[in-house]
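Heads up, there are several structures right after this.
Both complexes shown next keep chain A, but they swap its partner, so chain B is in the first and chain C is in the second.
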Partner chain A sequence: MVREVAESCVDTMLMEMVAMYSGRFYANKPELAARRIEAIGYQVGHQLSERYTMERPRFSDHLEAIKFICKDFWSEVFKKQIDNLKTNHRGTFVLQDNKFRWLSRVSIDPSPEKETEDPLSTPGESKAAQAVSMYLYFPCGIIRGVLSNLGIPCAVSADISSLPTCSFVIRVKA
Partner chain B sequence: MQFFGGSEISPSPPVPTASGNNAHMMYVFNRNGVCLLYKEWNRPLHTLNPQQDHKLMFGLLFSLKSLTAKMDPVNADKGNLGVPQLPGQGCSFHSFRTNTYKLSFMETPSGIKIILVTHPKTGDLRESLKYIYGLYVEYVVKNPIYSPGSPIKSELFNTALDQYVRSIS
Partner chain C sequence: MIVCVAVVGHQNNPLYIQSFTEADDALKLHHIVHCSLDVIDERVNNPKKSGTTLNEAFLGLLYPTLNYKVYGYLTNTKVKFIMVTTDLDVRDTDVRSFFRKFHAAYVDAVSNPFHVPGKKITSRTFAESVTNIVRSYTFN
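Up next is the complex of A and B:
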């Protein structure tokens, strides 16, 4: 029996999760909030990988596992595939999604607010970028959970230099 | 022969050009009267400063809604003052027209009021306003970094809105 939930419910729940962790549980401690959110993602990734690799044979090498994430796993979770995969063949992979679904509605304020404290870089922009980056810890955790369940310990980080394109950098621990 | 329209005393505005930008301006208010968005495409005359303009617009619609509900000869349900009603329930005013512009209005059950001021020859814009509300839900409500009750500053919303409004005939 397939039980389904509206996508807007999932979206709203993810938004609220980040808001709770960074606003209430670990207010003013973004690193701790990020770690918790990433840990939740890890669990989710772990379980999802079990579900989506049920009928498949074991992966022959790391590249095959990464390709599984780029094609089948990403289509199951985000209804599209990864647009670009780059590797240095020495354990680092960059997965680029040109229109990351969970960031598709994020829009940073075009007019920066006037702030008098920090005269260095554009403070409005970096605060917004920081807020957006909190939303990427969950997908990073998912990827890390999937790979670790496939026997590939790694570290995953995300890069949003140009929205809505989003790159995930996977560093396999040798 | 027309008696009231098109004379020198109250000339009708120029017919919109082929570029299709029919809309003059748009307001979005929330339940508490905060102006979430004010967009202006073609407004040659400004009579008030922005704050007064927004307050006047909100007050006008508040009064108009309650007036139209109270003067309703058909429906007995008057509703509560200020409480948004479900679509189709009670009496809901949706537009008024003068010789120089038409103002179309829609209020959602969540209290979001969308007002679009266009050329007087515009048809019924209720479906368009519903579509604009759909854009609002999609790009503003679902934007993780938007805090409800604050002015809308989303690029995606502005672009989609511009594009859509230009296509309304």
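Up next is the complex of A and C:
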């Protein structure tokens, strides 16, 4: 029997987790909040990888493990595959998801204070981007947890170019 | 009859080891399990020498001793499962399905949020389900 959880519950939990850590526990220390959220994701990824790699042969190299994340793991977790995978063949992989599920309902307030005409200083936008990036530490942690459990130590960061497109950058540690 | 099962972590740290005999030979069985770790390492590092299919989790018969047969299984996450049996006529398909169930029980145990990764598995539920799986397999 497969036990399922409503998607709205997961969405709410993610929102609440970010709100708790960045708004209450570590209100003045966003880096610390980010690290805590990433650590939660790491544990989740660690456990999920154990389950989802059960029925498959062992991976022979890094690319195979990354492909597993792009295809099977992503469809198990997000019901879709990664849209684009790029690599420089030297340990850096970029996974692009054109409609990342956990950002699909996030929008940046389209009417920030327009009185500042200077295009270089847009405090409203950068603040919003920072707020959105808080939601990406959890999936980054999940990816790092999966890979390190598969024996690939790495660092994962996320980029948002335009919502809800999102790319995850994986740097494998030599 | 299966006399001993073990789960060993990726740094060869024991996560769970349990023998199922009345006799007081736990130490001997632990020794057998210990020896099999080297065989697993050898199989994985020189896949061409052994006849097993490349990168399959099930490693097959590791080595036969006078009284026992030792089977191994290595997951993607480098966790090793080892099983020692006294049965001499064993079909690979049975062992495969045994390991699959054993692996499933292990996955359920480590998915417990209170389990610390890399530490010994102390869950009583896991011990019970392993005992049930072992009891349900008599290969002859």
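Methods note: the second predicted complex is superposed on the first by the 166 of 174 C-alpha atoms of A that agree within 3 Å, B and C clash if a C-alpha of one lies under 4 Å from a C-alpha of the other, contacts with A are read in each partner's own complex, and residues count from 1 in each chain.
As a convention for this text, a contact is a pair of C-beta atoms (placed from the backbone, for glycine too) under 8 Å apart; a residue touches a chain by one contact, two chains touch by 3 or more.
Note that this is a predicted model, so its numbers are computed, not measured.
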| item | value |
| --- | --- |
| Which superposed partner A:Asn149 touches (first chain B, second chain C, both, neither) | second |
| Which superposed partner A:Ile37 touches (first chain B, second chain C, both, neither) | neither |
| First (chain B), second (chain C), both or neither touched by A:Tyr135 | first |
| Which of chain B and chain C A:Leu95 touches, first, second, both or neither | neither |
| First (chain B), second (chain C), both or neither touched by A:Val18 | first |
| Touching partner for A:Arg58 - first (chain B), second (chain C), both, neither | second |
| First, second, both or neither for A:Ile160, with chain B first and chain C second | neither |
| Intersection of chain A interface sets (partners chain B, chain C) | none |
| Residues of chain B touching chain A in the complex | 138-139, 142-145, 153-157 |
| Complex contacts: residues of chain A adjacent to chain C | 43, 46-47, 49-51, 53-54, 56-60, 149-151 |
| Residues of chain C touching chain A in the complex | 10, 53-57, 74-78, 103-104, 106-107, 110-111, 113, 117 |
| Chain B partner contacts - residues on chain A that touch it in the complex | 8, 11-12, 14-15, 18-19, 105-111, 128, 131-132, 135 |
